[in-house]
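One structure follows; several queries about it will come next.
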Amino acid sequence: MQRMLEPNASGVYVIAATPFHDDGAIDTASIDRMVDFYLGCGVTGITVLGMMGEAPKLTHAESLAITRQVVQRAGLPVVVGVSAPGFAAMAALTKDVMDAGAGGVMIAPPSTAKTDDQIVSYYANAVEAIGSDVPFAIQDYPLSTGVVMSPGVIRRIIEQNPSCALLKHEDWPGLEKITTLRGFMREGLRHVSILCGNGGVFLTHEVERGADGANTGYAYPEMLVEVVKRIKAGDRAGAHDLFDRHLPLLRYEQQPGLGLAVRKYILKRRGAIASDAQRKPAIKLSKETVADVEFLISRLEARGVL
Amino acid sequence: MQRMLEPNASGVYVIAATPFHDDGAIDTASIDRMVDFYLGCGVTGITVLGMMGEAPKLTHAESLAITRQVVQRAGLPVVVGVSAPGFAAMAALTKDVMDAGAGGVMIAPPSTAKTDDQIVSYYANAVEAIGSDVPFAIQDYPLSTGVVMSPGVIRRIIEQNPSCALLKHEDWPGLEKITTLRGFMREGLRHVSILCGNGGVFLTHEVERGADGANTGYAYPEMLVEVVKRIKAGDRAGAHDLFDRHLPLLRYEQQPGLGLAVRKYILKRRGAIASDAQRKPAIKLSKETVADVEFLISRLEARGVL
Amino acid sequence: MQRMLEPNASGVYVIAATPFHDDGAIDTASIDRMVDFYLGCGVTGITVLGMMGEAPKLTHAESLAITRQVVQRAGLPVVVGVSAPGFAAMAALTKDVMDAGAGGVMIAPPSTAKTDDQIVSYYANAVEAIGSDVPFAIQDYPLSTGVVMSPGVIRRIIEQNPSCALLKHEDWPGLEKITTLRGFMREGLRHVSILCGNGGVFLTHEVERGADGANTGYAYPEMLVEVVKRIKAGDRAGAHDLFDRHLPLLRYEQQPGLGLAVRKYILKRRGAIASDAQRKPAIKLSKETVADVEFLISRLEARGVL
Amino acid sequence: MQRMLEPNASGVYVIAATPFHDDGAIDTASIDRMVDFYLGCGVTGITVLGMMGEAPKLTHAESLAITRQVVQRAGLPVVVGVSAPGFAAMAALTKDVMDAGAGGVMIAPPSTAKTDDQIVSYYANAVEAIGSDVPFAIQDYPLSTGVVMSPGVIRRIIEQNPSCALLKHEDWPGLEKITTLRGFMREGLRHVSILCGNGGVFLTHEVERGADGANTGYAYPEMLVEVVKRIKAGDRAGAHDLFDRHLPLLRYEQQPGLGLAVRKYILKRRGAIASDAQRKPAIKLSKETVADVEFLISRLEARGVL
């Protein structure tokens, strides 16, 4: 059953890894296992084929198969990363994944979009390409895209495109942007969900500023779920206490590029996937890094994962 | 019949446009017409799906169909741009276009490749992905990719990859790079072809420095062909005289982004394609720009296209 | 006598080189000689300490001494490049050069200015730092700064800052921008001068679109002066005929980085400066490049410099 | 007394803020107070005029005055950031600050240095400009400069320049780089100090990988000092326990741009400086951000600053 991405999405939309066998083939058994693991953590949605999902290493057919399998297993809204160098591939993938039951797509601006107007136009063109009936998320990730979107630009995109349902917020620093956007919404801007990336490193503060939750792939998603819950329930101290126990590992996992290898290592260690293999190009963990991660996990477990 | 890209390629490998109908559908009749036009101009090879070929606006199936049609019509080596955000799409497209009779592929480095080693590794991984039996061209175009390859880096790529057949040279300034690379080859580096892009704006000097010809899409390819011939025949003054007559238009056509619209306008005007439509995102020529182009063409025609 | 930069500036504001002795000391005798040379070419203003003036290689005291000498010799408006990583150095240099008789300053945005608002704010802060009584030029040169200013952003800067007198236009492509800005001015935007850089490679078209002239340092400034005159006098064919004779050399001189070495070589050859030495870091002309330049000059002289 | 930067530097070289009065004038009383504060924290060196020291907002004379005052008060090696768009300003500032008693200078590569050779050449030219007798630090901060230096490039800089004494390491991820460089040194590369920036966010791991300490400006420098000591004394758990208590605030303070405002706020709160004013352009803390910081400090104090 197709569960759509709605502008009131909240909780944790986990960014899913893509599990491979050691030989690079897609590990379909692990896809089910991983989805079950995420469900067990209490996530409210799943984003597949994001930057951390090794999307560019997949063919169109593989991307589609993964989406279909996750949709069928999860029973939750599934958002699919469809950013592409051109609208043809973006539109083709969008059509196919929506037919396969996805609930929406996520689109990052290209590095060639420089001025405010260019960014706004890009989203207008993208929506024309994918269809205005497909719910979409703006991925606002300047560290990776090089594109800086002011709050005013995001407002214009929301105003012009009724199908915009979600801001995946990962500007850095980004707390003031959340405050500003929520201010716009109090003053009349249509409400869209704000779910936060950046590895979760500012999650408590982000939710306190008005974000609806997380949209990241930290290997202990149950912590993200619980922190969002506690903040919303008014248990600020409890939220921060839990979050702070995870922060040393969270920060280690957030290292650009390297983070995916760490994340897969932990997901494998926790039994969520069978192998931590990545397709090339891949960063392999050194023995020193493995030792760091194990040390951080041992400290986390000693203090309590939840 | 499959004509392979060889490391002794020379003359003009024209960068082909992709003809569309006004409604955005691929204009297959114009593909034949355009290929015939290029053949009539005396080109020795054709590069399809380059940056100017609107490659990112095409689906995989379309890319393949265009390649197949050009290969069958041309009877010349056809090089296919396969640069992609990941190796899966690159390998898949390479396999299919080579099966369809392409003679080789062209690969630009991603903007994330920063250090010398990262660039060299990228090409090693790309060759592993596409297969070491597929002749490939390095696209060295820093203005677009942001990646600066020193002559030493290009040497390492040539040394490590026997399937490297061609350098599409469009660094700017780039004349010293040609001189340096040819120096390396005199001292023992394996010979690969150097064909030059940058809209052809430095073609005479490039060939004088040792380049084998052009790899660009100027809408009067017969001039490129003739200039290369004259330089090689020792007619330096004749080459420059002809080239200089074209330079005002050549320079106008080389404007980033805008250039493709100008090029298609002229190709249509010359009867090579039926429509100058581009798929979105597209730059549309203003009436002032059309007037500029017409003025420049009238001056060129008054002085002689050849 | 202090001649101020006015919003009705026109003709050619030549970008001056900074002459050094072979040992790197400033060659004050050549400064006078060079200014006389420029005056003899018919320039209407002089810009010193631009990117091509090796400004970052000069100390504050040297920058000031050069400005003072040029002002005294020229009797024309002298604009001084004061772009700096911070407002303290910018304000200090501005104060001193204006006291020394400069007519205005030129400011490029920093690469950190990304959004429309950030660019507009930057100029507001800069004007606050240098004083709102100092006429200033916006340097719009995305190829070098990485900052893309939409026409709307330039309009906002002009509207907010009465001391904005000049747009040094060197966006590429940039003709539509001139047309758009002149459209704004017909509709009520305050008139400011538009003088064009980009090495002069589009000068005829730029003036036809409404630019007031050139703001570049081509080593034959008399051509720039004459072309602007002819266009304004309605002699389009004559302007293009003259321009086209220079275009091969103009294009060669416009190569990024290398261009300054070529320019100084020609200025020395023409007797305008005694040495073509640059301070480090400097690009030295190879014998092949010198041969190219001599060949292009011989062709130009055979056809007529004016 | 001049204390020189030596290649065996260790401990914490704190990155000093530059204290201003509310009206933007330099607050010399606070400079002494701040130096005393740093000394009380146990730092072993002080870096002034770094990116966080608002260096571009200072005139040459101010930069020199600040350096002189810090040198006289501190009695420790003082390293001065001298990165500049050109070698003239860099050399002039270096000469003056070394005459004023500085122990060395810090140099970041310019964003125009792209290839390995260009980066290595840049440092060769810089050393020629400042003099080969001046100890210098490489600032390796790709997030800010855009320049990625491979370990091999850093090795070449160390090998070619005997005056290279320190690597200010703030690549991200960067732990493997430390491991690789220390491997080079075990195999014979001359030892230079490695002190780490990045706000201190990876300090424990960095020292465990072989770094000699920290080179950052966190507003609780006593923690940095103590953590380095504990790691070196073999008290790994004690180091991490202390570090983890600070990590929530450390991470908050490390936000690009915003971090300086937070840092000055805390330094003022702790009595180290009288005002947290910044010169323009400055980020002002919102009331929400102040509340965040106060909350994080209250949690830190409840758990123990040391």
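Just so it is clear, A, B, C and D label the chains in written order, and each chain counts residues from 1 on its own.
What we mean here is this: contacts are C-beta pairs under 8 Å (C-beta built on N, C-alpha and C of every residue); 3 or more make two chains touch, one makes a residue touch a chain.
All values derive from a computational prediction rather than experimental measurement.
Between the chain pairs A-C and A-D, more C-beta pairs are in contact across A-D.
Greatest Cα centroid separation from subunit B: this falls to D.
Between the two copies, subunit C and subunit D, the C-alpha superposition involves a rotation of 180 degrees in steps of 5. In whole angstrom, the spacing between the mean C-alpha positions of subunit C and subunit D is 38.
Between the CA-based centres of subunit A and subunit D the separation comes to 34 Å, rounded to the whole angstrom.
As a whole-number value, the distance joining the C-alpha centres of subunit A and subunit C reads 47 Å. Not a single residue position of subunit D touches two or more of the other chains.
Contact residues of subunit C toward subunit B in the complex are 172-173, 175-176, 179, 201-202, 205, 208-209, 240, 243-244, 247-248, 251-252, 255-258, 286, 288-289, 292, 299. Note for the complex: subunit B touches subunit A at residues 54-60, 62, 84-89, 92, 111, 121-122, 125, 128-129, 279-281.
Note for the complex: subunit B touches subunit D at residues 114-118, 142, 148-150, 152-153.
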